[in-house]
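After this come two complexes, each holding subunit A, first together with subunit B and then together with subunit C.
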Partner chain A sequence: MSALIEGLFNGISIGSVLLIAALGLAIVFGLMGVINLAHGELMMLGAYTTYVVQNVFKPWGEPWFSFYILVAIPIAFMVAAIAGLVLERGVIRFLYGRPLETLLATWGVSLILRQLVRSVNWLLAICIAVFCLLFFGGMTWLSRHPDWERIRNWVIAILLPLSTAIAVVTGFLISKMPVLTKAWFSARNVDVTAPSWLRGGVKVLDFQMPYARLFIIVLTIICLIAVYWFLNRSTWGLKIRAVTQNRAMSSCLGIPTAKVDALTFAIGSGLAGVAGCAVSLLGSVGPNTGQNYIVDTFMVVVVGGVGNLFGTIFAGLGIGIVNYLIGSGTLALMLSYTESLKPLVDVLLFFATSSMAKVMVFALIIGFLQVKPAGLFPQKGRTAEL
Partner chain B sequence: MTSPQLTQNNPIQTDLTLRISNLNVYYGESHILRNVDMSIPSGQMVCLIGRNGVGKTTLLKTIMGLLKPRTGEIFFADKPITKLTPDRRAKMGIGYVPQGREIIPRVSVKDNLLLGLEARPQGRKGNESIPEEIFDLFPVLKTMLSRMGGDLSGGQQQQLAIARALMGKPRLLVLDEPTEGIQPSIILEIEAAVQRIIKATGISVLLVEQHLHFVRQADRYYAMQKGGIVASGNTEDLSQEVIQQFLAV
Partner chain C sequence: MNVREEIIKKNKRRKQLIETAIVIGLVIVFAVILPVVLPGFRLRLLGRILALSIVALGIDLIWGYTGLLSLGHGIFFALGGYALAMHLKLQLPDGQLPEFFTLYGVKELPWFWYPFDSFPVTIIALIVIPGIAAGLLGYLVFRNRIKGVYFSIITQAALLVFFNFFNGQQKLINGTNGLKTDTETIFGILASSDSAQKTFYIITVIAVVVVYYFCRWLTSGRFGRLLIAIRDDETRVRFSGYDPTGYKVLVFAISGAIAGIAGALYTVQTGIITPKFMEVPFSIEMVIWVAVGGRATLIGAIIGTLLVRLAQTFLSESFPEVWLFFQGALFLIVVTVLPNGIVGWWRDFAWNKLSYVLGLRKRITTYASLEENPEVRQEREELEMRDR
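For the complex of A and B:
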């Protein structure tokens, strides 16, 4: 009995990590239909933000250090949301309704972001800042020109190479200083230390519930409630639902669709940042952290039924629990008392490691999608065909 | 051809809600609208007639901003709107009831109506309620507020679409075949509602219609053929020959 409860708790805790990671994707992929392969990298940005916030708080000592994680969550949200906003305005906005191109473009962005955290240093940051200042500053300044529409292409043609050249020259001039060329994070993994109140755990029956896991479960619940409230009760949530269901008509009703798209994408990305903050408590953080989650999160959204928040919850928890029960061998152990199920138990024991459990879960998901291609909770009624 | 003579690109103060001059619209390389000129005086109901595929819906979509014209200008209340996005045009006071209704399917009827408030200049604050006039015009909506918009029947959706456009207090109501595929008794209800709206608010209406009874209630008509305006005038003068020529199959 206690084995089952332990299994359920661990399963729910794995599921809540999946769920918090999938929540942002449920908005970006489920509602907007954008296949964002850089979602994992937005999580990774959130995790690195947590690391930076932790290092800022470290010299202040206790009691400040205990609360850094509470500061890190909103900052991680903001950083990932801004990154998502730039991604939407710069890339995805031009690719709505073209899934193949979106897939390739966001995959490219994910590679760029991974390499960026490996090699980012003051030099690179200064060069990028100089370029942005010159190019976008120049564009904004010149856009007040009365003939803006006519000269726009010329301005871009001149400003783009000019600001690139100035940024590169600046880079060469200051590249002699070793302080500037030291990478901020390097390619190695960094560690986020959980504050003391998140270490250890509470003893229930005869197993340990780690506080960090409980914290993630609570964080997931808070995020779920916030997202549910935002989408279903707020004015902007209604606009988001309208635009995702009928873009052309929504704009004819006076809804600024471009603004709504940017906001929706920023919120989905921000949730990825919060997820990154949560997973940084579970292990070390590296440039490839996002890659470990991206496939799982897409699975959760697809199994739950695209565009359905409740489906995502059930799928996240379900996949988490099944994954743990198979991976830890708990299921095999429970069935081993029945003699007639011997072959099944043998099969389950074969899959009773965490990586093999994933294989089995994916096989089950593939089987499940053959039976219910639209996921756990497909859209029903007259509206389903629309 | 008796289309009103318009001085091009000269925004003189007129009493026109909408003025279109020399509009040319293409789908890819195929030329759909050819040199369309049209004007809608304030407070009048103008009807656009013509057979299927002559470009009536294309013209309305261009007025709304869903299609970009290659050449030509559109003025709304003497302001050029040719380059504005649909949401800006809606906020200026154009209410659009498209062909096929385009109700937001998985949003409740009430929320569909509240979305109509977005077209008001100050947008939606979040605490407004639906004015009682809407339910006076379309009593059936009151009983369906919590149903999903997409679950309504065609006639109910049509009434919802008109009500939703009215929520934004438009100055020009653009109706694209509001009686298409709807039972006769509901057609009469919709006609009566449109008449009441014009009487009560004094807004202009641009109507695309095949149903002759409804066409007769307009003040002016424009007839389209092969993407161009081929006849126009007062509806009283709409003779049987014109109808035969432009509406009969």
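For the complex of A and C:
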């Protein structure tokens, strides 16, 4: 019995990580039909933000250090949201209606972000800042020109190479200083130390419930409530739901769909940042952290269906629990008392490692899609084309 | 009437002749001249890239023509590779097992290894097994009308699942370590020897040409037109009385089989196959080769693979850090600025400009379809004759 409760608890805790990561993805996918392959990297940004905040708080000592995580969460949200906003304004907005191309473009962004975290240093940051200042500053300044529409392409053609060249030259000039060329994070993993009140755990029956896991579950619940409240009780939430249901009609009724898209994308990305903050409590954080979660998160979205928060919740928790019960061998253990189920137990034992459990879960998902191809709660109506 | 048909036929025949001449020329360059000029390890590299261009052809078939973006072609690629590697591993005296089995205390060959003892069965298997795997996955997905992004991420998940499976099964297929082919013999010749490698290279060149013409044949006829129709408007195809599911499953299976061939050729020229071939980034890279070259142009798939892989070799040899930035930028640029790839850009834009500048063609003031169509021209001449 206690094995079952332990299994359920661990499953729920895995599921809540999946859920918090999938939440932002599901909202964005529901609204724009865009799968963001850089979602994992936004999580990674959140995790690194937590690491930075922790390092800022460290010299202040106790009791301040105990509460860094509470500061890190909103900052991680903001950092990831801003990154998401830049991504949406800079790339994705040009690709609406072409979901497959968006998929590839976001993969490109995810590659760049991964390498950026590895090799970012003051030098690179200064170069990027110089470039942005020159290019975007120049564009904004010249956009007041009366003939702007006509000269726009020429301006880009001149400004882009010019500001790139100046940035590169600046980089070469200051590259002699060793302080500037030291990588901030490097390719090694960094560790986030949980504050003292998150270490240890509470003993229930005969197993330990780690506080960090409980904290993640609580965080997930808070995020869910916040998202639910935002979508169902606020004006912008109403607009988001309207655009999700029927984009053309909403646009006709005066809802600024471009703003809604940008806002939703920023919020979805921000949730990824919070998820990254949560993930950083579970283990060390590296440039590839996001990749470990991303495929499972997609499966949550596929099983949950779009446009319904409950689908995502059920799917996240369900996949987490099933994954754990199979992977830890708990299910095999429970069934092994019944003699007649021997062959089934053998099969389950074959899949009783965490990587093999994924094989089994995938098979189950494919099976599930044979029954409900549009997920748990499919959208109703004529426009519900995938 | 007769004259017109003759003109069209003549044009067509001339185009075909030019094309055949170009293909023969390229084959001579690649198969005869380059093996003499290039040093052994560069040739091996080129052979690997050519093998990859075969899988790009397969992806072009499903993505460029049918509009299905598969992010899981690594599965079929690796299945083909494993099939051939298993055959090479079994080139042992009777009663002996491949050496890695003893490490895990396996006394008897797992059952599925037996068929790979014979060479013909292996050759058939490395085409058929990936084909069946692709067909099965395709059937289970397309049957429910799952398409678009959903299909892409399901193939990606399938890829991860296969990776986990092959990675975890030490006792069946040596898990993470993979199967090494360089130290094995094929027909009594060491697989890493120069003569064997040269043979593999020639076979790869031939395979590229054969697969290219096979895809050409497939996409030029009725079947090809249906694929394009499915890409452009699947619902309408369904309403016109066709069942797209069967066609999609078939083309996905064919694409998988092509990937299997590519995987086998790649494996013997790399010298090893590991589950790494089924990692997520590699399969997405395959897609970008096609995108760079130009979707729905078969030659584009080959050109794209050659360009990107050569750039990768060059960049990651000299500046390994830059390569990921470059690759990321490549994804962004191809998607936003060059949606039709290099070949598409050449065909739609650069070629026209160039031919005006060189004076090969008159500047068109209305539409190419009006001014350059031989039928229209013929009609216009006839009208002018009558007017006089």
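Throughout what follows, the second predicted complex is superposed on the first by the 379 of 386 C-alpha atoms of A that agree within 3 Å, B and C clash if a C-alpha of one lies under 4 Å from a C-alpha of the other, contacts with A are read in each partner's own complex, and residues count from 1 in each chain.
As a working rule, a contact is a pair of C-beta atoms (placed from the backbone, for glycine too) under 8 Å apart; a residue touches a chain by one contact, two chains touch by 3 or more.
Here the structure is a predicted model, which means the values were calculated and not measured.
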| item | value |
| --- | --- |
| Subunit B versus subunit C as contact partner of A:248, first or second or both or neither | first |
| Subunit B versus subunit C as contact partner of A:103, first or second or both or neither | second |
| Larger contact residue set on subunit A - subunit B or subunit C | C |
| First, second, both or neither for A:256, with subunit B first and subunit C second | first |
| Touched partner set for A:239, first subunit B, second subunit C, both or neither | first |
| Subunit A residues contacted in one complex by subunit B, in the other by subunit C | 386 |
| Parts of subunit B lying in touch with subunit A, wherever the complex brings them together | 64-66, 85-87, 90-91, 96, 98, 102, 104-107, 111, 114-116, 118-120, 123-126, 148-151, 164, 168 |
| Contacting residues of subunit A [partner subunit B, same complex] | 234-235, 238-239, 241-242, 245-246, 248-258, 379, 381-383, 386 |
| Residues on subunit C engaged by subunit A in the complex (per definition of touch) | 63, 67, 69, 71, 140-141, 143-150, 152-154, 156-158, 160-161, 164-165, 167-168, 280-281, 284, 287-288, 291, 321, 324-325, 327-332, 334-336, 339 |
| Subunit C-facing residues of subunit A, complex | 29, 33-35, 91, 94-95, 99-105, 107-112, 114-116, 118-119, 291, 295, 298-299, 301-302, 353, 355-356, 358-359, 362, 365-366, 369-370, 373, 386 |
